[in-house]
Each structure stands twice: as C-alpha cells, then as structure tokens.
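The structure appears below as structure tokens.
To keep things simple, chains are lettered A, B, C and D as they appear, and every chain counts its residues starting from 1.
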C-alpha cells in the first residue's frame, strides 16, 4: 500500500527532496501526489512533512520528526555475516562494505558510508536475516556551552 | 498478490524499439519457478525453430531468482539465457554480484530482449520506466571501464550487465559481465548481446520485494548463516597439494562433506583446489593429455592458494552471500585491482596450458573479464592452439611469429590478446576450439576437446565420471556446475528426499567408475536439483553445505507461501530439464552430438598419472540417465508420454 | 592538525659572549695598533675625517664600531650602533660564521668568498679595513694561528713584531 | 652551445649551498621580510633530526617558528586546508619546507592558497599558468631524497596539479647536514630522477643556453658522483653534489622538456610499483638511443656533460651519441653491481613480464606526457626489456 498526501499539503516540496525513488510529483505551492506504483513506503516524506499531510499505507497520519532525531542503523558486527543484503536493501545507497579497521578479518562489514543520505527507512534492519542491524536515534554529542 | 516473485517481465524489441511489460500468470511460477525455469518456458515457446542465434529472432533473457531479495542467503545469482551460438541449443549462464536483486527491484522477474538494434544502445530500466539509450560512447570500451562510465551517467545505485570487446566482436565464447569483471561466461551469450548491438542493461530500481513470511525466511537464514560462519583452522595452502597427492594414493574414497569444502571456500575461495586438484587428478593438464607428472607440485606451487590470498585486499561478497569466496586482489600492470582468479580460470589458463606464471594468470584473468570472454573456453582454446602448434598442424607462420609452446606465458598472453581483438590467428580461435578446428582443418579436429562445441569445465570426468556425464547430457553441454558424484555427496539430497541413494562416508574408489542405475539416479537428481536451485537463484556453493544445512525448499515455501514437498520441487526441476531438452530438439539438436570428446573420457586412456588407464563408460551412463527422465534412451528425445506426464503444454 | 607547535629557537649565549669579547678586543686592538703601527696609521690617515667602521654579526649583534676622531686618530667607539652614522659596515651573516672567523678556522678573505660577510659601504675603505684587521691579527695571534687567519703571513723585523705586539696588548687591555 | 631563435629563461630560485648554509636562514628570512616562518616537514623528519637542525640554525634570531612535521608521504588534500588555516590564524608570513617530494608539494600548494585568498579557490588555479602573481616567501631546504621536483615549477597532490614559475622557491638551502647517507635505493631513485630531468631538458628541442648550463652541471654531477656515493655513502661532498644536481635539474624542467623517458618511467613505475627514479633510470639510456637513431639533433652534445671534455673531444662526432648511451648504461650496470639488486639493468630484471610491454606503451600514450606514439614507446620498452639499445644500422 502506497503512502498518500492529503490536501493539507502546502506544496513546500520538502518530501520531494527526500523521496529516494522520485515517486512524489507536484508543482511548488500546490498539493503534491505520491505515485502509488513507485512508492516503496520508506516513510521519509511523512517524517519530513511540516504540516502532517502524509498518510501511511493504512491511512494513519505520519508524525514529523526532526532530521537529527531520525533513526539510523547500528551494526552489530558479531551477528553480521557480511551478506550485503542490507546494502542492496538501502534505497538511497548509503551503506557500504569495508574492512574493520582493527581486525585482521579479510571480510568486509557494512557501515554507514554516507550518514547524511540516510533517510531512516529501516529497510536494512528489516531485511537483515541475522538481526545484526537495529535502528536507533544517534546519540547527539552534547556541546558544553558556557553555562556548563 | 504474488509473493517472492514480482509477477511480471519486461519485453524489449530492439528492432522496433518497443518496450512492454507483461504479467505472468501465477501458474507459470508454480510450474517452473522463476529464474531459469521461467526463462526456459518463455524461450522454448517463443524462439522459432531454427532461429539464427545471432539473428533478430533469438531472445536474450536476463532473469533473477525466485528467492532473490527475500532474505534467504546465497540467493544472489542471475542468469542470462538464450539460444547459444556456441552449441546451437539451449544456452544459459549464471553469475553473481549485485545484478540479480536489481532486476527484481525494477519490478521484474526477467528482462527479455529480441530484435537487433541499428545502432549501439543500452537498456536503462528504473522502477518507473524503461528506455533505450544511445551507447556509442561506451561501445568499444572494456567492460569495467564502460560499467564505470554508465554508473557515472545513471547514478551510483545503478547495476550494469554488459559485454566487452569480445561480445561486441561476436566471439562465440564471450559472456556478459557485471560488477567490475564478474562474468556470466558460458554458452557464448555475449555474442548474442553483441549481435543485438546491446552494450549494456542498466538497472536502477528500488522496489521492495514481497515476501510471504519474512520472519520465517530470516529464521531459516539465521540458522544457515551459523553453518557458514563455522570455521576451523585449516592446513596451510601449500599443504593442499600433498593432501591431493595423498588422496590419489588412497584406495578408498571419503565422501566429501560440504562443510569442509565450505571452509576452504571461505578461507581461500575456489582457488583452494588449484594445486590439490592437479595432484588428485581432478584438474585436466596439458589439454587433457597430461597429469600431475607433467605439471608437478613444484610447477603448480605458484598457484598455491596462500599466494593468491596474499594479494587479497578485501573479500568479495555477492549479494546475499555470507560465504565471500571471491576477493578483490591487487595486481601489477595496467590494472591495479582485479577479481581474484577462480579455480577454473587458474587451471584453464594455467595447468591446461602448462603455464605456471601466476602473474600472467592474474593478468589474463583481468584481460578476459574486461573483454567479456569466458576464461574456461579461452584457456581451453589456447591449449588447443598450443597442441596444434606443437604437433605441427599450425606453424609459426600461422601464428604470426608467436612461439606457441607449452607454458610460454608471453605467447599465451599475446594469443589471448589477438583472440580478443580478433587479429590474425586470434580471429580463427576467437570462436572456441570446435570452430577453430573446422577453420584450420586437417588434423586440428583431433586436438579440440569439447562437448557439443563448448569446452568442458576444469574437472576431469576420468576422476569423477559424474562430470563426464553432465558434460555430455545436459542441454547446455560442457557445464561443470550441474552435477557430479562429488556434488551429489555434498548436496546430501537423500537426507530430505525419499528414494535417493545415500552415500556412505567411506567407499571404495573403484565403485565410482562403474556405470549403473544408481549413478544415473544420482545424475538425474543433480540435474533436477540444480534446475530448482537456478530457478530460485541460489548459488551452487551454498548448496554444497548439504540439504540439511541449506534449507532450499523451506526457503521457497516460506517466501512464496506455498507448501510443497521437496519431491514436488524435484519434479519441477525435472520439468525444467525436459523443457530445455525439448528446446534443443525443437532447434534440431541431436542430443547424442553433445558427447564429450573421447580424450576427456579416457578414450584412449592416459598411460600415467592419477587417471591412468581409466575409461568412462559414458554411453552406458547416458542411456541410464535419459531413462530416468523417461526420455528415449537411444536418442535422448523426450517421449510424448514424458512430456505429457511432466505437464508441459506445447502450445 | 596533530602536531603543530610553536617553537622559540632560543639563544646561543656563550657563542655570543665569545664573539662579543673578541670584537671588543679587536676593536681596542685596532685603536692601539693605529697608534703603534705605522702601516695601520697610514691606512687610517688615508680615510676621510669622521669615518666610522663597524664589524658585527647579523641580525642581532654583537657589533663593534671603530672610528676616526677629529684628531685623525682611530678610536674604538664601543658596541652600540644606535645613533651613529656608519660609513662602512661589515656584517657577518650569522653567529656560526662569526665563530668560524673568530676561532680562526677561516680567514676573513675566505669567509668573504664563502658569502658569509656582507659589506656595506665604500669598497676601497673596506679593503683598507681588511688590511688593518690582518695586521692586527698578526700582532695579536701567534704565528701558527695567524697563518690560518690571514692570507699571507708577513716577514716583519723582530722589533716591529714583538715589541709592537707587547705594546698593542698592553694598550688594548689598558685602553689608551 | 645552441642559441635558439627565441627563448625565455627564468629561475627565481637562489641557491645557497655548502657547509653551514643553513645558518644563513635568519638573515635570508630577514631579507625576504619574513619574521614568522612556518616550517613544514615530512613525518620522517623528526626521526632524522632535520627539523631540529633547522630550528637550531634559527637560534639567536629571536623569531618564533611554527612547526608542522608530520606531513605523510601520501598527503590528503584536506591537509592543505588545515595548514592554510594555521598559517593565517597564527600570523605566519613565510614557509620553510624541509624535505623532499610530497612535503614540498604540500608546502607549495599551501603557499598558493595563502597567496590567493578570497575569490579563487585552489581548484580554479589548477593547471598551467593560472597563477599570475608572485607568491609568499618560500624557502626550501631539500633533504636526502630530493629529486628536483622540489625546485621545479610544478606542484601536485593527488589529482591537484599546479604549474607556475612562481612556484619555484625563493631560496634553496643545501646543507650537507640535511643530506645524510640514506639507503642506496633511495639515493639512486632520487639521483636518477634528477638525471632523467636534466638529460631530457638538455636534449629537448626547447633547450636554451642558460638551461644548458644548469643541465650540464646536473648531468655532470650525477654521472660523476652517483656511483661513488652509492659504494661509499660517507662521501659527504658527493651527496651534496647530488642534491645540487637535483635542484638544478628541477630548475630547468618544463612541459616541453619532459620527454620519453619521463613518460615511460612514470608509467612503468605506476604499473609495477617500482620507484620512479629507478624505472626512469632503466628507461633513460634506451630512450636516448632511440631518439639518436631517429635523428634528433642534440643527442650527440649529451656526451659533453656525460663524459667530460676529454672524452668528448676525442670521440668522432658521429659516435658521440652512442658513446653517451653506453656510458649511461655503464652507470646503471655499475649501480646494479654496487648496490646489490636495487637497480635492475633491464625491465626484465625489474620483473616486468614481456607481455605487459604493449600495455606499457598504450598507457604511456594515454598519459600524453610526450609526443611519441604507441609504436615508439613499444620499441623502446622492448629495447629496455631486452637491454639492447637502438644502434645506428
């Protein structure tokens, strides 16, 4: 089931920028439409929409989340079997295999290559056959201000 | 709502430049699975009898597997299918990398291309649309370079399958490449792609693949992954040769458990067998005339798996593969990086030509991968040419000054280059040894080793008659990836399928060479099973784990929501085999003509080495094998009765 | 950037002090020699009135200044350059070179060839001053050392050499 | 001596060579109006004590120095940005590059960046002749391993390449203390690179009388001193001569003078992981021979710097080119013997398979460093592989 956009949409175009499959079309300042054959239900549009105009496949209202609070994959290399399914599952291609810097193991392990590109869809976690990936909000490094 | 498969295919007609989508009824998937089965069904129906393999009527099919993208492991193989210009019959080739899921992510189970384009084009498919684009800028470029250019043009998530120079020049031993030099090499389908002037298929979809019960698939995968990760310390690579020599002396044979082979694969890749195979007689040497006495352990020491492993920068994992038998290696010369040469390449370019210059093998491997030429066929053709030269059938004048002697790596490289460019003698050899022998004439025919035109893989039927059988009986002859007695041991199918003979852990070596009904049953089981595996898109090396450890049938059930028994799947496998055979019959192939050259089956037998004095009763085995499918045991043609029984409608 | 650091290279107090002492002594010796030795006096006589000459080390000293006072006598004028108009300056490019020169490992002529000395001013005057310094060195140094320090060791009569040496030493130390 | 119809020569580099040449640094800095130099040095320089010596030379100057002495051998372009920031924020006004190779490249590029603030980004200045104004004060202290690129008009890190006469250093200080005896491989590598630069400049059509003098000295120094230095690394004068040769060779290379040996040497080096100087050294005699046989005019003149007046004078003009080639091959042979196995005599000895020669030729053409074609390269590569130089008739 595809996501949909209601007429609450103000046509800001934020979702267009984040849709990994270019499924959202629409003129600026006008109501946008999601192409139902293309939508992969990653939910990025729902998370970014400032006016809560996106409904998910079941028709529920999507709640916007601040981009810094989007969940990102965390890899457990102990469970990982380097099958690369997650890399292929990622609709934005932000994962890549690389050797662990410390280990002698010649096998590569997946990691977030392009953290900014990640849209937090969780497809990698859901397709991982060994549950080596969990989605979590990245810990924000708290900057110590003048007030401690 | 289909599960596991996408339910539709893409059809492209290059002549009319039309592209259309077609829904495939569920019953087809239920009867033929996806992947190879789907392609066999469509191609059998649609390619007109007697069509020119390099003409517009031939259909080139890129298919993914039924299990690809469902979360099952080892499901990263894609297949290219068509009428083979090399054998004139059914042709398919199989490759890993990341192209297989890409087909499904565009929303198709297969892409079928017919017609001939006027100008070089490439097919660009996304989840939304498909179009033909001009490819004149990449035409003439090698496969790796062209792939890089196309990826740069269409986005980093693009997956590309394409031909190199060999395919463009319609070399009948050319294949189709993807992922920087992996190649679906056999059956000469690169030439078909070249004849269509289709440089590449570029896929860039992101669709999700439906799965009936993802959790169940994952549960099975998790268990299987545990088996794959299990690794024990192994002997050093240099010792493998002595292990092989030891096995040569033993009068008894140990049934090989796939777990052991898996550990070799995980550590060294297929190259683990480089030396061992020569020693135990599994690898052909000196164009099938020699043995470990000609190519001693000292000579083959350069192919020691540890030496290959030293150059590994990182292991290469195909899609969904936890094993990682491949590797990206550093190499000297023009190309900084290369895929690690596989066992077949090392033997074909090494032992078969008596070449022990490992640097040249690395280089040739990369050269052939980039040109999109089959390393097995190319190596075998070079070995054929060397034998011709040594026996005086061709002279220095014919070779253009090349000193084509056994093991002359410089001459071998020059020859392969000439074959890729189709220059001088290379033009004569570029279509494989059978065609070359015809062109050279005279005695040359007696030096060519092939089955139905295709050079057999680098496993000796005199050591394991199962190979000889499958080289000869398969609709795609000369293939080492279908079955052998060793494969049967490793598949351990008897553990899940009733009625199949079981193999005891130890048996007398002599029993291996008798042709009897049991062997035929085993051979037929391998063929059926591999059809299921190729329909599911699984990797052969995964299935070596053994039927209990790799849940092939359970995965299919969990992913599709069917509930079938392994026996039912084996029946589907048989059906696919019959369709492929019918395809050959339709195109006027006499199955008997695919018989492997006598030399490779021990006729005349070798006088020394591991396989001395052995002759395989190939004709007897073939008869029994055909009987297993209910085909005519003399001609190999499926009888009307067997066709009806397997539920094939010839409409 | 991992290892950027700021460095104060520091000083070479001993070398500097040594050179300063030597310069001080040479300055005073020139002054005395001008009174004692006729050749030196003749050189100074040829120089214009109020001529000042400085010898020193770049970039921060020490220096010594010798001048011709109104009476036409050579006079050591101290180490301070401030407020003086220097007619001829000979500056050694660095302290190490000065050490070479004043430990007599290198003659001033050689030092000049090796591009260690910058001369600023009238060239004939500079040559004259070089001759003066050579003579002074002959007076001050024993033959073995002086031979290294000057171009050609002169054959002077006993009186000139040894009496002159004694007088110059006494005058230099006492400073008159 | 050949006077071209038209020529241009400029070399802004002042060379200050000899014992304790370093000690002049404070004065020279002063002359350049610099008071806060930034010292940029390679990561191996602390081990060799290079930076320490430079700092002690600056003692008593009263200056405060900035020191960055961990530039890796394969520097990342991002490093340049960091250095530029440092330079600006710590109020430096000059650069002293201590080292050879990539360190100097980094220093040069930093100098470009700090001299072109605002407006133009580094990328816009890439390529030839985009840098039109003099840059900041730049002093080079070459250490062992200097190849001549240091003093040249070129600078490059990864894929960034710059070329401008203003990239030549203002001052080069060659002090024997900074050129310790290093392993013979490195010594041969750098000297052979310098020799190749010098020979190619000396024989190129773009030669001119002044460049000839530089080239003459550089070739002479290498021919005379390389083998003795390799057999007796304690030879301080010889080492100093080699670095001088490298600096002089660097002063005269330009796009017009980099020729066949350069192109082939770089190609072989990249393809087989052989040190650049070594592979150029293998190639050099064969390219010279090939060019001589193909009738290039200036090759015979090469005998003069290679062998000296006496040999030059007593050799018949028609034989001069081949004698020069023979002498260069002899040098390689001698090095091969004295420095056991570091210097292969032929490509075959260097481990280049015969079948790769074609690839070498093709790659060399694709690099487009000189005007020769695939067949020329192939012929020369084959001759270098076999060790048989082209000879007349």
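Convention: a residue touches a chain if its C-beta (ideal position, glycine included) is under 8 Å from a C-beta of that chain, and two chains touch if they have at least 3 such contacts.
Note that the coordinates shown come from a computational prediction; the quantities given were computed from them, not determined experimentally.
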Report summary line: Chains adjacent to chain B and to chain C under the stated definition are D
Query raised in the report: Any idea which chain sits dead centre by C-alpha averages?
Result: D
Requested in this report: Return the chain pair with more inter-chain C-beta contacts, choosing between C-D and B-D.
Outcome: C-D
Query - Whole-Å separation of chain centres (CA-atom averages), chain B against chain D - result: 52
Query raised in the report: Using mean CA coordinates as chain centres, what's the chain C-chain D distance in Å?
Result: 43
Report summary line: Averaging C-alpha coordinates per chain, one finds the centres of chain A and chain B separated by a number of Å equal to 38
Requested in this report: For chain A, jot down the residues that touch at least 2 other chains.
Outcome: none
Requested in this report: Enumerate the residues of chain C that touch no fewer than two other chains.
Outcome: none
Report task. Mark out which residues of chain B touch at least two other chains, giving numbers and ranges. Result -> none
Query raised in the report: Of all possible chain pairs, which ones touch?
Result: A-B, B-D, C-D
Requested in this report: Sort out for me which residues of chain A touch chain B in the complex.
Outcome: 20-22, 35, 37-38, 40-41, 81-85, 88, 91-93, 97-99, 106-108, 123, 126-131
Report summary line: The chain D residues in contact with chain B across the complex are 271-273, 351, 353-356, 358-359, 362-363
Requested in this report: Note which residues of chain B are touching chain A in the complex, please.
Outcome: 69, 71-73, 98, 101-102, 105, 127-128, 156-157, 206-208, 214, 217-218, 221-222, 225, 228-229, 309, 312, 314-315, 317-322, 324, 327
Requested in this report: Using the touch rule from the top, collect the residues of chain D that touch chain C in their complex.
Outcome: 16, 18, 20, 23-24, 26-27, 30, 55-56, 58-70, 79, 82-83, 86, 90
**Report entry** Residues of chain C defined as touching chain D within the complex
**Finding:** 1-12, 15-16, 58-60, 93-97, 100, 114-116
